[in-house]
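Pasting a structure here, questions to come.
Labels A, B, C and D are assigned to the chains in the order they are written; within every chain, residues are numbered from 1.
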Amino acid sequence: MGTQFVSVRVMRVKRYGGLAWLRVSPLGFTADPGQFVMLWVPGLEAVPMSIAWMDSLGAEFIVRSVGETTKHIHELKRGDAIGVMGPLGRGISSVMNVHVHKVLLVGGGSGVAPILYTAGVLGARGYDVNIVLGFRSREEAGIREVFEHHGVDVTVVCEDGVGGPCDYEGLVTEPEFVKKLVTSADVVISAGPLPMMKAVYRLAGDKLIAIMESIVKCGVGFCGSCRLWPGGPLLCRDGPVFTASEIRRLLE
Amino acid sequence: MGTQFVSVRVMRVKRYGGLAWLRVSPLGFTADPGQFVMLWVPGLEAVPMSIAWMDSLGAEFIVRSVGETTKHIHELKRGDAIGVMGPLGRGISSVMNVHVHKVLLVGGGSGVAPILYTAGVLGARGYDVNIVLGFRSREEAGIREVFEHHGVDVTVVCEDGVGGPCDYEGLVTEPEFVKKLVTSADVVISAGPLPMMKAVYRLAGDKLIAIMESIVKCGVGFCGSCRLWPGGPLLCRDGPVFTASEIRRLLE
Amino acid sequence: MRDSRLAVEVGKLKLEHPVMNASGILAVDSSGVAELVKAGVAAVVTKSFTMEEREGNPTPVIIPVEAGYVNSVGLANPGINGIPEVVRAAKAYGKPVIVSIAAGNPEEAAKLAEVSVEAGADAIEVNLSCPHAEGRGLEVGYDRKLSKMIVESIVAVVGDRPVWVKLGLLDRLPERVLEFVEAGASAVVLINTIRAMVIDVETLRPVLGGIVGGLSGRAIHPVAVRAVYDVYCETGVDIVGVGGVYTWRDAVELIAAGARAVQVGTALFDKGLGVVHEIVTSLREYLERKGFSNISEVVGIACKR
Amino acid sequence: MRDSRLAVEVGKLKLEHPVMNASGILAVDSSGVAELVKAGVAAVVTKSFTMEEREGNPTPVIIPVEAGYVNSVGLANPGINGIPEVVRAAKAYGKPVIVSIAAGNPEEAAKLAEVSVEAGADAIEVNLSCPHAEGRGLEVGYDRKLSKMIVESIVAVVGDRPVWVKLGLLDRLPERVLEFVEAGASAVVLINTIRAMVIDVETLRPVLGGIVGGLSGRAIHPVAVRAVYDVYCETGVDIVGVGGVYTWRDAVELIAAGARAVQVGTALFDKGLGVVHEIVTSLREYLERKGFSNISEVVGIACKR
């Protein structure tokens, strides 16, 4: 109960360009989609990571290599020990209401991580779920494989063209079918770079539920480092899942 | 979970000669019949007391006045605060086996306390339960009222004669019907003064399950004060519920 | 929330009720101050400020353990220049503000206190007990002479503003407290986190970025109660009790041990900010139920029993 | 249980594995010793003995709190005359026995040590840290001169038997430890319970019969780990780690911090005596899994990381 720190072992790592897929031994706690953990790489720092998948046999992360710690995560080998502190933050269940049936999930880049777990959980709960993912490159889009491995069907849009894992070319919000899916959905849950989220917001308006990122240090809500704007919410405590109205000033 | 210390309020006190019946507000934990608590009288000491009754609205004790602390318990008033640490020790469930259907309970003096709760719980679990209580005086036997209040039928044997609450005269093991009940029972659970327990043992042999007393200080098993004999079991940890074979040397 | 039963005076400061935040939680910028005020604290206690800005330790800066947390924030703070913003934020809400400062020598301490008072601080809380701030924490507290000089230097510059001294576990605590009172402190704040650490058994490394940290939360509550009790029963000085306050019961325990007010730290993030209101409301109910006309009647009452 | 991976030497004492009981749990008479031996401890550590018999404090002597217990046994023990029975009981099983003693002055200490050694004690553990034994505990530890003299007086009478010093939280712990080593101690035992108390909020009275007690159990584990770490990394002396050891992980943490052996206290009654076997077995598996050929390879390993 409550937040825990656990030591787990790496079971698999596979890279797809700048993204790595990481499976680790069970965390010993459960989490709501959208919640995150602090992933501690011994000898380096602890970084916030969305839970990308979780089952009784293990947990998964999808990690973009951007700096020292995430680069090291890409180099992890089977059997390596890492630390996980979680679950942290507020997940999607707190913002879903009973009138929601049709859900569209839109993920971009490393933002596909919480989308995968959200898809798995909402699918299992019987929601009607559509998923569209956007990537910069076909190489990264290879991570589609992980979704398929978990039986989650996706449509993939790549900035560098069609072919291989990529079904469409362009930005994830551009294809006509995406706009239609947005129109027919009761809510649109999105995670990815801010420009993408803004584009989704322009289509979805207040149907948007955004899974955000900011600079997280403590992860539990005392240090103030993750505050989205002066006077605004703390991402680690009040998010990372936000309704559009809660963070309108970032989306507009 | 585990042992707790809680502050409770006295709801009712009623005296029957040397015995007092005490009802207090809920303890916030559950207990197995035979388990005990340390009952702390603020300003005085904490003394071991069997749980005599427990339901969602409160807990009860039956207390003989023997020294400073128990005397003070007899003087408690509605609204007084006392402390309770528990549950402590091993209750009867650990020594009951599936072949037991017919249970005879024999209580004497303040030993009627754990017998009441045992009767309530075993009755609710569907066992065939008979209860015989022995008292020194008719005055004390008035506590029979508490059993009846809880819907528990008893037969009462008093050393000072028949009448009032007393159905038979003599020691609790003397009446012929008691001997018959012992013979037909699968187990005999008994609590009371050692001479009485020995007499029950002579009738019941290894069918006896005894709820014992000794000098309890810590109540949790580190101080050694409650050890039944050198090299023997710790009452607070290994008891107070014992099978006859575990404590034969005290019964013979 | 006003109720004369709850009004207290501690270390020369009058408060509408006895519940404040503990230093280090949220009050590091004006946004955090606003949240604490909204939560209903009687006064805002700032994060400990040092002369220079401190980035603090690498992550993780906090680890959950059995019944508490071990943190090693390393006194991360914006430095002396950050003081005015925080003080003004609290004053804008009309709240008393206690500026916590941490210094390695009397000169720094005096400077920090001066800036705080100029910005409008109602009191200074000098942190002599951070277990993870080399040269500005516990080590200073261990040094009888240096720590006394630090307190004196602050007292010299703050005029009639109260100076509180925040301590952790020290040998012969009551004696030490009297020395600080002699130096001019009007109250002591007891206790800071207890120096602690967590080692990962798979990699055999300390987990906290700062290696060693401080234990806070429910785990340390009985230790805080006796620290307050030892000091109050022996010295009678004004005490602000801190350590594992999660409920009104915890607050009453500290007050009965001798605290005139309490601070809530870990519970603010572990249970959420609503805990302040919950404690204040329940304290009022408690006083009513028990027939006390003011909470001061409870202060130190356990000493006599 | 023999396995060369687990064999250790700590404070001049050779042990088959690194897990002992902590002083104060059961080993107050021969029956308790027999139980501990059966549970599989590598050595028996006796209850602390004083010159005179002590009845101890009124009940309650222990209260459960969040993640631990506060106890105030008040050094209840049969006095110096009880030592031979306990020592002989352990020796009868061929177990090393460490006699814990508590004294207020060097003369008493020497006498207690002498009687222990005559009875066959393999080592003396001098308790300078009981938080609830007026004049024979913490206060002695706070007194640099007296506590050093006590250790010296014991060293003088025990010949080549090892003398261990049991400490709690002290200011500048590593420095203090070096003083005791200078006085002839071959190991320090870290940590004793942390002074603590519980107050009942309904009656506003301290609950423990002894009023103030000591906090033990899981709550204090991170504090014990850092005490061991601070002392080992700074001084390299032999350490026996104690505090909240419930599982092999807790034991490994203390060992990685610098302990050569560990003692289990609260878990012995809170989880039951089976905890010893569980920890020893799991430690062996851990060493195998990690490819360590002896547990000494883990000692203090976290210092370097």
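By our rule, contacts are C-beta pairs under 8 Å (C-beta built on N, C-alpha and C of every residue); 3 or more make two chains touch, one makes a residue touch a chain.
The chain lineup, named per UniProt: A, B = Dihydroorotate dehydrogenase electron transfer subunit; C, D = Dihydroorotate dehydrogenase.
The structure presented is a predicted model; accordingly, all values stated were derived computationally and were not measured.
Undergrad: How many steps does it take, at the fewest, to get from chain A to chain B if each step moves to a chain that touches the one before?
TA: 3
Undergrad: Tell me, which chains sit next to both chain A and chain D (Dihydroorotate dehydrogenase)?
TA: Common neighbours, chain A/chain D (Dihydroorotate dehydrogenase): C.
Undergrad: Can you name the chain that lies farthest from chain D (Dihydroorotate dehydrogenase), using the mean of each chain's Cα atoms as its centre?
TA: Centre of mass proxy via C-alpha means gives A as farthest from chain D (Dihydroorotate dehydrogenase).
Undergrad: Using the average of all C-alpha atoms in each chain as its centre, how far is it in Å between chain B and chain C (Dihydroorotate dehydrogenase)?
TA: 49
Undergrad: Round to the nearest whole Å and give the separation of the Cα centres of chain C (Dihydroorotate dehydrogenase) and chain D (Dihydroorotate dehydrogenase).
TA: Taking the mean C-alpha position of each chain, the two centres sit 33 Å apart.
Undergrad: Taking each chain's centre as its mean C-alpha position, how far apart are chain B and chain D (Dihydroorotate dehydrogenase) in Å?
TA: 38
Undergrad: Determine the centre-to-centre distance between chain A and chain C (Dihydroorotate dehydrogenase), using the mean Cα coordinates as centres, and give it in whole Å.
TA: 38
Undergrad: Could you tell me which residues belong to chain B and also touch two or more other chains?
TA: 43, in rising order.
Undergrad: Quick check: what residues of chain C (Dihydroorotate dehydrogenase) touch more than one other chain, meaning two or more?
TA: Only 65, 198, 201, 203, 205, 305 qualify.
Undergrad: Mapping chain-to-chain touches, which pattern fits: line, ring, star, complete or other?
TA: Line.
Undergrad: On the basis of the stated criterion, which chains touch which? Give every pair.
TA: A-C, B-D, C-D
Undergrad: Could you pull out which chain C (Dihydroorotate dehydrogenase) residues touch chain D (Dihydroorotate dehydrogenase) in their complex?
TA: Against chain D (Dihydroorotate dehydrogenase), the touching part of chain C (Dihydroorotate dehydrogenase) is residues 65-68, 70, 142, 169-172, 194-199, 201, 203-206, 212, 215, 218-223, 225-227, 229-230, 244, 249, 252-253, 256-257, 286, 298, 301-302, 305.
Undergrad: Okay, in this complex, where on chain D (Dihydroorotate dehydrogenase) does chain B touch?
TA: It comes out as residues 24-26, 28-32, 34, 56, 58-65, 69, 71, 73, 76, 198, 200-203, 205, 207, 209, 268-270.
Undergrad: Mind listing the chain A positions that touch chain C (Dihydroorotate dehydrogenase) in their complex?
TA: Residues in contact with chain C (Dihydroorotate dehydrogenase): 2-5, 7, 9, 38, 40, 42-43, 45-47, 81, 83, 85, 217-224, 227, 230-232, 237.
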